Structures are given as structure tokens and as C-alpha cells.
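Look at the two complexes coming up: chain A is in both, with chain B in one and chain C in the other.
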Partner chain A sequence: MCGIIGVIDRTKSRMDGSCIKAALSLMNERGSGDGAGYVAYGIYPDYADCYALHVFFDNMEEPKEKVDEILQKQGTIVHQEEIPTTEQPGLKKVHIPWRYFFKPFKDQIGGSLGSEDDLVKDIVMEVNAGIKGALVFSSGKNMGVFKASGWPEDVANFFRIEEYEGYIWLAHNRYPTNTPGWWGGAHPFNLLDWSVVHNGEITSYGTNKRYVEGYGYKCTLLTDTEVVAYLFDLLGRKHGLSKERIVKALAPPFWDEIDRMPPAEEELNRAIRLTYGSALMNGPFAIVVASTDGIVGFTDRIKLRPLVVGETENRLYISSEEAAIRVIEPGIENIYTPRAGEPIIGRFNE
Partner chain B sequence: MTLRIDAKNMHYTPLNQQIKAAVADGVKEIVLDNVLGQRFIADGLRGDDVRIVINGVPGGDLAMLMNGPTCIVHGNGEHAPGNTMNSGLLVIHGSAGDAVAHGMRGGKVYIRNNIGYRGGIHMKQYDLDARPVLVIGGTAHSFLGEYMAGGLVLVLGIGLEKSMTDRGIGSGIHGGEIIIRGEVEDHLLGVGAKKFEFTEADLERIKPEIEGFCARFGLDPTEFLDTNYTRIAPSSSRPFAGKYVWE
Partner chain C sequence: MTLGSVPPRYKISIDREQCMDCGRCIENCSYGVFRREGDRIITESRKCTACMRCIAMCPRDAINLKENPVDYRSHPVWTREAREDVIRQARSGKIILSGMGNTQNHPIIFDRLLLDACQVTNPSIDPLREPMELRTYIGKKPSRLQFKKTEAGDVELETKLAPNLRLETPIMIGHMSFGAISLNAHLSMAKAVSELGTFMGTGEGGMHRKLYPYQNNLIAQVASGRFGVNVDYLERGAAIEIKIGQGAKPGIGGHLPGEKVSAEVSMTRMIPEGSDAISPAPHHDIYSIEDLVQLVRGLKEATEWKKPVFVKIAAVHNVAAIAAGIARSSADAVVIDGYRGGTGAAPKVFRDHVGIPIEVAIASVDQKLREQGVRNEVSIIASGGIRNSADLAKSIALGADAVYIGTAALIAMGCRVCGNCYRGLCPWGIATQRPDLVSRLNPEEGARQVSNLIKGWTLDLSELMGAAGINSIESMRGNRDRLRGFMLDEGLLEVLDVKTVGA
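Right, the complex of A and B next:
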């Protein structure tokens, strides 16, 4: 059991972190104090063209030197600093959260070298799999993840999230059941600008992990949700699938449902299932994924976890509980529960 | 005597303690204002003459193991309202989440609008007195009456072209009945569930439930008093007799 909530403001009006903290805290019952986290998009406008790399360091000596070395070899560190935090009585600071604003060298990218995003993805994988005492937990542009072991309020106050303003926020309250509770295991899980919050389990984790490992992703964070971020990066960024189609690959309709579809739709769904059989996710889950251009929420195919959607004129909310949405929007009228496997998509106005 | 509690920003523990203490002191009506997400309200509460009115959106497991009281919600419900309820009445003037009336074993749950997945899962009955009833004004998502062992689930489909469009109705059902307004397509039936003709005798049997539901929500029952229903029940007396048997 975990609690999730996400919101997008379609006009790109930015919201500070106070509302999302209050909404997530309403669902404290869904967590155990072993992990909470937030992600916001639009928070680093002064460094919008840099990759904002958030890193947990165990100490500022060897791990930091190694990460500096990797980054300086492949680009410019435009700015770096410790992420501002305020000590909380209920939260033990076991890592040092650090951020780099990083620009890859132009001669490191293009052609067979791949894109900027490929380079940054490779750096994240190299650090997380290879450098003891360093963990990159956020690597997109103009966005950032803030997470730790603790309760939602403590983690929010620790990272002072009320000082950040974003047009997308996701938040997660963790109740770890079969993997350890630690800072790196808190949600959101992120790669580049993909961020994932998840309630449930990916029981097909082994299959999905082997599938993404074939494309150079390395699962190092000791829990299943990590693989969802890599699946979205692979299917969305590398294969160019829309969010609707990614969800169809990860939580597809049943074969007997496909058999009853009109011919064109049947052909499409059959093709996606056959192509992406190894990306199909089994088990109970409710997930919200954010990226630079919006959010998408969906559940497993037989709806073993709750998900509620609320819409106002300018905002779309997706949450585990209706009450959490009403913390922010007490008078909201348009509230509904989506169908299993149905993608709920929030985009910015044109 | 009516007790009014402003539940704004209250945790569920002190709230539910106050409710229990008030009922123990002989309070017969409790009105809760500004309820938002508080779980376990009216759980295990006893007393046929006790009335709880909830203004807001209560949290999950509302009226769990409730034994006698009437609980009325002006707002939507969350997951599993009426969970293992024993007797009494739960009325929700809105919609509710997944697993409504989960394992319910007596009393009535009336939901004005829609419910989520697995409504009536594991509902059971012991005899004529302990026969739970779940009535849904709108529609339900998949696996309605999953593993159902007894009781009645009634879906009225008010304002809808088709009362049910989600699959897996009565999946694993081995007792009780699911009655749905209008036709139900065959492919929506779950494993072990079978459609039966809805007769005049069936209508006589469920008439009190239709009238009770309509009375609560100010609806005219006459438009529902015909035989345009589909009755879904176990395909045999023991549809899963061979499931765990190897001969």
C-alpha cells in the first residue's frame, strides 16, 4: 500500500509545494514513514537548458571526486551546490543531497554517439552501477526529484519544497512491503525527464528488467518501480511511442477484448502486444508518470490498486484517494475513477 | 439528542473515539461536518436506533463490521464501504470506490451513483435474516459480485443506455444473485456465472429493495417495477466443485 498524487496545471501556472505536501500528508495511513518524495517540473528556469542532476552522496570525498571526473570529461558543470535542506527531528540525514547543472560537450554527441539524452542516461547508469556512495536520482531538465526515508511532511520540510514552484507535481508516500526502505528506494523514480510514482508491485519485474537491460539500462535501486521509468524512456523517447501507446504496451487489453475490437484497432493492439510482450507489466499497480510535456496515470489491467481522477478548468489531478484531491480543490465537481488500463493524460494547453 | 462534530483536520482516531463514546452515552444521532478522508467511521458500531450523518468524503472501510445503525453520507465514498457489515443501513448520496460491500454479511448498502471494481466481492449469507443487499443506482466496474457466496447485488443503471458494460460479472460466484436492469451481454459474464430468466416471482422478491432504494433518494419506484432485468447466479449448485479436486 502506498499513496500517490499528481497534478498538472495546463496553463503552466506554477504551484509551490505546500499544496501537494498537504494532499500527500492526508494519505499518511498509506505509508509507513520509510519513504516519501516529490518531483516538480519548471523549478529551475535559470538553468532550463542544463540537465539538473540530483545526487545522493555518502560522503564528499571519493564518490564526489569520481562523479565530478565523469561529468567534467563529458561536459561542463555550469553550477553545483548542496541541495538546501532543513534538519527535521523525524528524519535522519543519511546522504548528502547535491545538485549539478550540467551541459554535455557538443563533440560528445551526434551521429553514432547518440543524443544528449543518451549521453546523460549513460552517465546515470555508470554512476549508479559503478560508483559506491553516489546515486543520481534525478536527471532531467528544469525539474527535480526530492526524496528520502521519512513521512511526507518531514521529507517536504527537509527539502523545503514550499520554496519550489512547478507546473507539474507528483508525490508519493511509501509503504515498502518486500524491498528495503531507503533513500534510493523512495519514489519518484526518475531518468531524464521521466518520473514515476507507483502504488503496488510489478510482479513481472524480472522479465521487464531483462528486457530493458538489453538496451543498456541497469537496474540498481533494489525495487521494482525503477524499471517503469526505464520502460517509459525506452518506449517513449527511443521508440517514439505516444503515452497512450506506451500504456497499451505496459497494461494491454486482454486477448479476448482485442478479438472483439473493430479491425484497425484490433490490428494495432495485436501489434503492440506482440512487439512489446516483454514490456507488459503484471501485478497490482496504480502509476502516475510525468515528463516535460505532461502526466499520465494508469492502473493494472484488472484494477488491483485505486486511482481517482479530478479535473478543474485548468488542472488535472490523479490520486489514490479522492480526499487528497479535495485537500487542494475542496469544491471540485468532476471526479471519477478511470477504467483498468485506461490512460489518463494531462497535457498543456496549446 | 443530536451531537454535531466538526471533523475538519481531525485524525480518524479521536474522531471515531468521540463517536463511540457518544453512542455509549446514549446519543442517537451524530452529524459529522467537514469529513475528509477519515477512515473507519462507524466501524463496529452497534444500535439499531443510532443514526450517523456524514457531510463530506469519508475515507476507506466506512461502516466496517457495523451492526445496526443507519449511516448516511452526503458525498462520495472511498474503498470498501460496508466492508464485512453485519446489519444496518449505509446510504451514499454519490459514488464509491473499489470493493464496496466487501465480505458483507447482512444489512443494506445503497449507492446512488456508481461504484468501482469488485463491488460485492465475497458477499455471503447465513439464512434469511443475514442476507446482505447492495443496490447501485448507476453502474459498476469489472468483477461485480466476485467470489460471491450469498446475498443480493442489484444494479439499476439509472440514466444509462446499458446498466453494465464492464467484464467479469459474478466471476467465481457460488451463491447469491446479481440482478441487473436490462440486458447483459454474454461476454461480460465471469467464470461460473450464468444468466437466468427474471420472473414475476423474482420481481416480487426484490420489490422491497427497489422501493427502499427509491425512497432514500426521492425516486419514483414504479418505473423500475417490471421484469426488464437480467438475473445472474452460479451456473450450478457447486460450480467450482472440481476446482481443487484431482481424481
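Right, the complex of A and C next:
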């Protein structure tokens, strides 16, 4: 059991982290104090064209030197600093959270590295699989993940998230079974612009992991959610599928339903299942994924985890519980529960 | 006579108190174990193959069969088998023939792999209440989809799918030829797969006209002898399979003795009646991977690219690299036949000593295809020693798309695995062409039994998947995270990419 909540402001008005903290904290019963985290988009306007790399360092010597070396070899560190924190009595600071604002060298792009994103993805994989004592846990542009072991309020206060303003927020309150107490195991999981919060357990993890590993992703975080971020990156960024189609691949309609569809739709859905069978996710889950251009929430195909949607004129909320949405929007009227596997998509107004 | 005789393998005895002297044992035994002398039924144990037909047909349970105790001087190296093989070859100067699969007492890896189930953190799924999807498509799949914008501004699918076979359950019946087995055996299995929405291989002996009604569920095999192959045959099959090798005898061809080439077999195979049907070891037009590519394309051209083409190879040491080569051809599936695979006839030394276990072959082929980014180019069909639904589930979890069963389907029709298929005297009407024996197998009953077996395994698989919290076969495939190795050594665990129990 975990608690998740996400919000997008369609007008790109930025919200500070106080509301999301309050909403997440309401769902403390869904967590165990072993992990919480937040992600916000639009928080680094001054460095909007740099990759914001958030890194947990175990110490500032060898791991830091190695990461510096990798980054300097492949690009420019425009700015770096320790992520500002305030010590909390209920939270033991086991890592040093650090952030780099990084620009890859243009001349590194080419061949199999078709884009800056590919290069940064490879850096993330290289650091996380190869450098002991360093973990890149956030690597998109103009966004950042803040997470640690602890209760939602403590993690929020530790990272001072009320000081950040973003137009998308996701938050997660963890009841871990896989890797309790490990900061890297807290949600959101991120790669490039993709961030994932997840309640549940992916029983197809072994299949999904084998599939993404065939494309150079390395699953190093010892927990199933990580693979969702990589699946979105592969299908969304590399294969160019829309969010609706990614959800159709990850939580597809049943064959019985596909067989009854009109021919063109049947062909499309059959093609998605045949092509992306190894990406299909099984087991109980409710997931919200954010990227630069919006959010998408969906559940497993038989809805074994709760997901509630609330809409106001400018905002879309997706949460494990209605009550959490009502903390932010007490008078909200349009609130509903989506069907199993149905994608709920929040985009910015054109 | 310097060698003398060796002791009989089995001891048949009749309980005279029970025996009602009906003579069914005499009628049923095609090996001539029983005969009447005066008012008594006499047995000749030396002729017994332990096919169990007499016991199954005795109305009074009056027949006892025992493996004859070894009365050689016990010796750890010079076992009974080792000594008798020497005697047989000293006598004959020839290769020792054998039937069915490997008889070596090697550990069975399937039995040392354990499946997973859900407890608390995720719910198991009840297949009686929730959908459970076993539908499997065999064939080439795109590695990614491409879309294009139409003039109206709609986005539509640009990628065209290659033809795939649609299986309602990931269990097919492998290739056993008409000739090696009887027409009634073929009919039984063909009826069963048609009813179940799955497929069966014709084997290399062509397709008898009585199988035409089931042709949409048949896979037409093209082997090195090219028996029964013409364009009509290819067009009848739902798919075509090129047989390069077989798990029971990798690297060698086949030999159907002339005695088994009856009039019907002769017509179906397109060879003279009574002539030996020899399949050469290599295809005489395939001496390299490029040649295979040409044959695959040739068969596709002949059938207008409408049918998937499979390539079957024996699981040999370098199976992964060979499969990767096949994946780069136009082939749609690679069939891997493990060293426990059955056969009508194989030299004993091949059956027992050449090739590798199917479990390891699936794991290394799936891994290699993924490393090379060509896993979607071919489906993996695993065969050779799949005995039950657990073996099926484990094969899929290791990375197979579907399995072929062979021996299990024969057992469902009555076979007791006596291993004398090559003699053509099968008292169960399966591995024989003798009309009186063939008529013992009723195709309707045979079909029901084979169909029941596949249905039973399918139910088992649904329950196993549901218990693992999985409702679609795609999520079982290659899900080695849901397997654990029990008493497997580190090297094997690494090849299988499976954790040990407790980890």
C-alpha cells in the first residue's frame, strides 16, 4: 500500500509545494515512514536549457570525483551545488543530495547517440550501475525529484519543497516491502523528463526488465517501479508513441475487447499488443507519470489499486484517495474514478 | 556362439488363479510374447518390451510385469547397459538403434526450477472470476510501430504486421511424420488441435489427404528428404517448417525403413512403396546460413509471403548463435529441440549423448536474441522433454513463446514409452503401419484424449499464472524473476539468469 497524488495546472501557473505536502500527508496511513518523495516541473527557469542532475552522494570524495569526471568529459557543468536542506529530527540524512546543471557537448552526439537525451541517459546508467556511492535520481530539464526515507512532512521540510514552484507536481508516500529505508528506493523514479509514482507491485517486472535491458537500460534500483520510467522513455521518447498509446501498450485491452473493435482499431490494438507484449505490465498498480508536456495516470487492467481523478477549471488531480484531493480543493465538484486501464491525461492548454 | 544370450529385460508372468484363459493377451501382443500351447498360455519374456498393452487389456489383472533383476556381477563402471551394448555391437558390427528420448539419468533442470506465487503484497488472480489470457501469436513482430498522418489529419498505423499464427493456448504438437506414426495417430492429433485452436506439425512425411479438413491447423514440414513436398502441400499448411535438426539425433538424418512404407505412406511421401525413405543429414541445398536464408525466401515466394516459416534446430552447444543467425533471415520462428526430444528411431549414441537440455537452450537463445536486438524478429518454440504443465510454465518463464509436445501427446493416445517405435509393431496403433494394429486407435477417442490433455495443461497454466498475479501470457514470457533455482550450480544459475531459492 502506498499513497500517490499528482496535479497539473493547465495554464502553467506555478504552485508551491505546500499544498501537495498537505495532501500527501493526509494519506499517512498508506505509508510507513520509510520513504516519501516529490517531483516538480518548472522549478528551474534560470537553468531551463540544462539537464538538472540530482545525485545522492555517500561522500564528497571518490564518488563525486568520478561523477565530475564523467560529466566534464561529455559536457559542461554550468552550475553545481548541494541541494538546500533543513535537518529534521525524524529524518536521518544518509546521503548528500547534490545538483548539477549540465549541458552535453554537441559534438558528442552522433551514431547510436542520436540526441542529447541519449547521452544523458547513458550517463545516468553509467553512474548508477558503475559508481559506488553515487546515484543520479533525477535527470530532466527544468524539473527535479526530491525524495528520502521518512514521512511525507519530514521529507518535504527536509528539502524545503515549499520554496519550489512548479506547474506539475507528483508525490508519493511509501510503504516499502522491497527495499525499506533506502533513499534510492523512494518514489518518484525518474529518467530524463519522465517521473513515475506507483502504488502496487509489478508481477511482470522480470519480463519488463529483460525487455528494457535489451535497449541499454540498466535496472539498478532494486525495485519494480524503476522499469516504468524506462518503458515510458523507450516507448515515448525513442519510439515516439503518444501517452495514450503507451498506456495501451502497458495496460492493453483484453483480446475479447480487441476482437470486437472496428477493423482499423482492432488492427492498431493487435499491433500494439504483438509489438509491445514484453512491455505489458501485470499485477496490481496505480501509476502517475509526468513529463514536460503533461501527466498521465492509469491502473492495471483489472484495477487492483485505487485511482481517483478530480478536475477544476485549470487543474487536473490524480490520487489514490479523494480525500487527498479535497485537502487542496475542498469544494471540488468534478471527481470520478476512471475505469481499469483507462488513461487519464492532463495536458497544458494550447 | 561365443557370446551367448543376454538376460531378458523384463519378466512376464501370468497369475493362473486369476487368468480366465480368454487369450486377449495373445491377440494384443504384437511382439509375440504370448502363445497358446494346448490349454495353456505360455509367455516368452525375452520378447517383451514393457509396452503394457497386455496388462491394459487383461480383464482379470492376471498379468505381472517386472523389470528383470540384474544378475551380472555388480560393477559401477561396467553397468548392465554398458556390457550389453558391447555384446550387441560385437555381434552385429552396426549402430545400435533406439526409440523415444534420452535415457541418461542426468538431472532434469525443470525439476530444479521453482515457480512463484503471490502473498499479501499483491493479490493472486482467480481465473474462474477474472479474464486470463493465454492467446499467443507465433511469428515475426515489429520491433516498434510507425504511424503516419493521413490527409484528413488522423494518425494511422503505418507498420504492417507479418502473418502470425494465432494460438489459443501456447501448446502445440510437434512434428511426428506419417510413416513414423500411423494415420489414426495423425488424425487424432489433428482433430484435437483444430478443436482447441492450436497447431500440429505434419512431420517430414507429407500430409495425408484425410488430414486436409484440418489443414488450417497444420504446419507443413520441409525436411532434408523433401518427402511429400510440392506447392500444394505448402499451400495447405497454416505455416511451413524447415527441419534442420532434431533433439534426439542432432547432426544426422533419418531413415524410415521400407517395411513402414505402405501404399498410403508411399503416396503421401511421393516415394515408391516399400522403399527406404532416407533423409540426408544436411539439406543438400543448405550448406551455410545464406543457403538457409534462400530456402526460407524460396518457400515464402512459393506461398506469396502469406505463411510464417519456422526453422527447427536441435539444441546444440552453439544454439544461441545459430538461432541469432536464423532470426536475421526472413524466418518467423525458431524451434529449438532439446536433447530429451523423442524420436521414432535414432542411433542410441546420439539419443543419449549429443545436444543440450532444452531449459538451457531457451535461456541462452532468448538472451542472445535480446542482446542483439532481434528478439521480436522470431518467436521461440521450445520442445524436447516437456512432460507436464509445470515444464510448460517454466519454459515460457525462461523465454519461450510456445512449446511443442510430442511424447506427451503419444502417451495421451495410449503410448507407454516402451521405446520400440522403430520396429513398426506398436501395439497401441501409434508407431506402426500394420492395418490391424492401426485400427486399435480410434481417431475420435484419440482426439478426445489429446484434447483433454492440452485442456488440462491449459487450466493448470491459467492457475499458475493467476497465483503469480499475472493475467496475460506476455507477462509470463521471459519472466525469470518468477523462477528460482533449487540445487543448481552457480554456472547454471548464471546461464539461466535465475536467482537461487531464498534470494
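Just so we're on the same page, the second predicted complex is superposed on the first by the 342 of 350 C-alpha atoms of A that agree within 3 Å, B and C clash if a C-alpha of one lies under 4 Å from a C-alpha of the other, contacts with A are read in each partner's own complex, and residues count from 1 in each chain.
Basically, contacts are C-beta pairs under 8 Å (C-beta built on N, C-alpha and C of every residue); 3 or more make two chains touch, one makes a residue touch a chain.
This is a predicted model, so every value here is computed, not measured.
When both complexes are overlaid on chain A, the residue A:69 reaches neither chain B nor chain C.
Within the superposed three-chain model, A:163 lies out of touch with both chain B and chain C [touch as defined at top].
Judged by the touch definition given at the top, the superposed model places A:200 against chain C, while chain B stays out of reach. Touching more residues of chain A than its counterpart among chain B and chain C is C.
Contacts of A:82 after superposition on the shared chain: neither chain B nor chain C is touched. When both complexes are overlaid on chain A, the residue A:239 reaches chain C alone and has no touch with chain B. By the touch criterion defined above, A:273 lies against chain C but remains apart from chain B after alignment on the C-alpha atoms of chain A. By the touch criterion stated above, A:49 is placed in contact with neither chain B nor chain C.
Of the two partner chains, chain B is the only one that A:303 touches; chain C does not reach it.
When the two structures are aligned on the shared chain, A:326 is found in touch with chain B, with no touch to chain C.
Judged by the document's definition of touching, chain A residues 256, 302 lie at the interface with chain B and also at the interface with chain C. If you check the complex, the residues on chain B that touch chain A are 36-37, 39, 57, 59-60, 76, 78-79, 95, 97-98, 114, 116-118, 141-143, 166-168, 187. Taken in their complex, chain C has these residues touching chain A: 118, 121-123, 125, 130-131, 133, 135, 137, 141-145, 147, 156-157, 159, 161, 164, 366, 370-371, 373, 375-376, 397, 399, 468-472, 474-482.
The residues of chain A lying in touch with chain C in their complex are 177, 200-201, 203-207, 209-211, 213-215, 238-241, 245, 254-256, 264, 267-268, 270-278, 280-284, 301-302, 304.
On the side of chain A, the complex with chain B involves touching residues 26-27, 29, 256-257, 260, 302-303, 306, 308, 321-324, 326-327, 335-337, 339-340.
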